[in-house]
Amino acid sequence: MKKLINDPTKTVDEGVAGFAAAHSDLVRVVVDPPFVVVRADAPVAGKVGLVSGGGSGHEPLHAGFVGYGMLDAAVPGAMFTSPTPDPILEATKQVDAGAGVLHIVKNYTGDVLNFETAADLALAEGIEVQSVVVDDDVAVKDSLYTAGRRGVAGTLLVEKIAGAAAERGDSLDRVAEIARTVNSQARSMGLALAPCTVPHAGEPSFELGDDEVEIGIGIHGEPGRERIALEPADRLVDRLIEPILEDLPFAKDDRVVLLVNGMGGTPQSELYIVFRRAAEVLAERGITLARSLVGSYVTSLEMQGVSITLLKVDDELLDLYDAPVQTAALRWGR
Amino acid sequence: MKKLINDPTKTVDEGVAGFAAAHSDLVRVVVDPPFVVVRADAPVAGKVGLVSGGGSGHEPLHAGFVGYGMLDAAVPGAMFTSPTPDPILEATKQVDAGAGVLHIVKNYTGDVLNFETAADLALAEGIEVQSVVVDDDVAVKDSLYTAGRRGVAGTLLVEKIAGAAAERGDSLDRVAEIARTVNSQARSMGLALAPCTVPHAGEPSFELGDDEVEIGIGIHGEPGRERIALEPADRLVDRLIEPILEDLPFAKDDRVVLLVNGMGGTPQSELYIVFRRAAEVLAERGITLARSLVGSYVTSLEMQGVSITLLKVDDELLDLYDAPVQTAALRWGR
Amino acid sequence: MTAGETTLDGAWTRRWIEAVAAAVAERKSALTALDRAIGDGDHGENLDRGFQAVLGKLDALDEQPTPGAVLKLVATTLISTVGGAAGPLYGTAFLKGAMAAGDRQALDAAALVEVLTAARDGIVARGKAEPNDKTMVDAWGPAVEAAAAAGDDVRAALEAAAGAAEAGAVATEPLVAHKGRASYLGDRAIGHRDPGAESSALILRVAAETQ
Amino acid sequence: MTAGETTLDGAWTRRWIEAVAAAVAERKSALTALDRAIGDGDHGENLDRGFQAVLGKLDALDEQPTPGAVLKLVATTLISTVGGAAGPLYGTAFLKGAMAAGDRQALDAAALVEVLTAARDGIVARGKAEPNDKTMVDAWGPAVEAAAAAGDDVRAALEAAAGAAEAGAVATEPLVAHKGRASYLGDRAIGHRDPGAESSALILRVAAETQ
């Protein structure tokens, strides 16, 4: 394990401190209880507050998406470990401007339980909270026999679009409804060529042979559902995109946002090779590529791999997607 | 070597094709001679054209910086190999609007020679061309006994600021002068924790032990000047930033842009840990952190590592830095 | 002090928790290794962070706390320091246990069974896991039943609970998981022991060994 | 055809270039390995791309081309397909060589020396390297001198050039580089052969072996 870190137990603290130093125009960091990253001008009068969070190690998610038109606060937990209720409550209080607060929660038992407790506590303090649970990962069967689908890269799209709705002044109910719509129309799937290593663990999250690929990974370095021999990128893209297309299903003449997301250690040139094939598949199916986003946005430390997300959009969702956003990791229109 | 690629000899072509598909609102790709990535609305009437290029494998440099307020065209060569004069000439013609064209060239023998030939050919076709050679890497001694300093991450700042000057309507002479000023006030140095592998080579560019760091690397996977035992991030940052500070030198009350640049396989959280210490050093020296940029912008494929760049700025350079930019990889104000 | 003489008072509860903290610290890597196989490799780290925080707070207790007061301190500290799935689940377990212990100065066997039952019910209420879903419930369920069947002797009850929890943890190995991260793995979870069941058995084993 | 009878006409020049393409393809990995040690690991790949492109263009030549015409085709093709440092340098070498060959139907020993001299001067003019800077100049310089000293026999001149270039390439090993990427390495370049000097020696060795 070779990393640009100091004390393995301080990587989250130091990373957040560096983030705060680099982006003091966008955010402030509340350090007690550690850590909450809050939009510099929060609470924004009259606006619904958006809070997300979860285990660290997925950067830029979530702190990188705090700012105008997206999140009002991010709550980074320990590495790959959901935050406890205290900082979630603190974030909720910091961003509440009286219009209520939306919690955007990725569907993991720990995240759901801790956000649940925080929402109860916020309610007890008189803050109206709604929660949206994101579960866009088609690699996991959504059945009674699993913890349900995981929230992965689609989270970014939920945060962007719900954030734009909040920024234009929508009510808490409406923002929550839009967030749920985005979640219900987003599907993702990912793969890894190489695992990641949690600093304090010191060992990779799983072992992969030199010619193996892990298909259907989550974003916590957990193993996927299937291990196969390495194949050309185009073939691997097909393996990711077919289950996505079938699941919603996406149909001819649908308009979609295509997000090709790197897992942290994947060079951009490879993401574009993946994008090329994904766009080709969409064209073959007569699906319209409305918007493209390519980058490492929802990551697993230095994992080498990629995920593909498709979001089906209508005019309203597209307008909200296009609306100005000014955060450390996503910025346009401002 | 595990990569998301198809045919190793087609990685550049397919990556550029994917880039073009993802960013058709920003760029068009001219494929004969392959490849030139041109700003969608080029040539822009009355504006000086900016052309840069070089070996591929440094993505998002340069194609990711084509667009409003930055480059008018990028010329991607083969992997880590400077492009030949033909596509450079083609790019020059595509962006010339009569106000002349600036070539931004990283200081490598191959890049300099091929851009030189292209400039001669352009001149023969009646296009006024000036060239700026970027050489910001303090790891290399600038003496009669070397090929001179390399152009590394500082290139991004030259492209951004010269691009803004061109966008506001400056003359070719003035844009070239500003580009040279930026280069003369920028200093960089990088390190690697792990090498990269050129797809067609199939073997890493150098070997590093599990506890070794290569200090003073370039951006072509070439070995650095020194190999040391792995140290905590803060100590490594000191090793990079000290020679940078001494070289210009940067002094108390100087205002600087601090760029912490990932080499391709480094997770963002580690870049912020590096940023934290770099900002701390600046504060200790009484140097003012005017602007911060953190990300993987000038890379070496999947290399794990980081470089630090400091640019000394005055009001004019800062205004140009802040000016709107709309490219695939850098975007603000629009 | 010989076996059978133990009184499960606040001081005992405190000794137990201190011993749990030591045992978790010692078994941290092993618990994390189990979690790496079918989860995200942080279970040992999470619990250790929590119990170390508990250690730092024990001195804030009254000099002669009730068992309930100790359990409540453990609960709130775990809730606010562990995170993940285990934080709220163990937090709820200790909180419900504390409520069941009430103001009692010491727990007899019947009260112990009440506490263990409340803890298990708390975990089930929050996590919605059923038996054989390959979770910590598979340790707590058998533990409660064995303690209830052990009669009036607290030491026998503790020993029965520990043994049943350990057997329950081992019995998670052949299972497919239906809750928690391991459920994402489908059949690939088979053959691995559930880390939360293992840590639950450890906590109860330490109780049985605490004098 | 026996030694000494060879005429360095256009057909010979074409056979030479075809043989160079084959030799470069064969030695590609070895050249790249040299470049990986002290450069960026692409020299073999670069040259191979260039000479394969040349092969594809040779048929566009006249049926009986002059040596100069072949050299010029090689020059323009290398310039537009190789890139990097070697592309312009070899391109210039072949271009200047072509200009020195002029309209001649064949090269005698004196003309051969003129061509080699022009090639070397072209490389020096573009790359500004001096002898012992650890570049391809260290192969071309000795080659020109040896050919000039070899007298009137073209085969002897070719053999002398090849031998001197090979010795020159080997002699780059102990040097610190002052030009090209290897110059970034300082003392760490010592002990490695310059890839461009090696490929230059290869090109000249193939010439000496081409009948």
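A, B, C and D label the chains in the order they appear, each numbered from 1.
Keep this in mind: a contact is a pair of C-beta atoms (placed from the backbone, for glycine too) under 8 Å apart; a residue touches a chain by one contact, two chains touch by 3 or more.
It should be emphasised that the depicted structure is a prediction, and the values quoted were computed from it without experimental measurement.
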| message | Under the stated touch rule, with chain A ignored, which chains end up grouped together? | response | B, D | C
| query | How far is the middle of chain A from the middle of chain B, if each middle is the mean of its Cα atoms, in Å? | reply | 29
| message | Quick check: how many Å separate the C-alpha centres of chain A and chain C? | response | 32
| message | Averaging over Cα atoms per chain, report the distance between chain A and chain D in Å. | response | 55
| query | What pattern do the touching chains form: line, ring, star, complete or other? | reply | line
| Looking at the whole structure, which two-chain pairs count as touching? | A-B, A-C, B-D
| List of chain A residues in touch with chain B within their complex | 2-7, 11-12, 14-19, 21-23, 56-57, 59-60, 64, 193-194, 210-211, 230, 232-234, 236, 260, 264-277, 279, 289, 292, 294, 296, 299, 301-302, 304, 306, 326, 328, 331-334
| note | Touching chain D in the complex, chain B uses residues 33, 55, 77-86, 108-110, 113-114, 116-117, 139-141, 144-147, 150, 198, 200-201, 203, 205-206, 218, 220-223, 225
| query | For the complex, which residues does chain D have touching chain B? | reply | 32, 36, 38-42, 45-46, 49, 79-89, 126-127, 176, 178-181, 183-186, 188
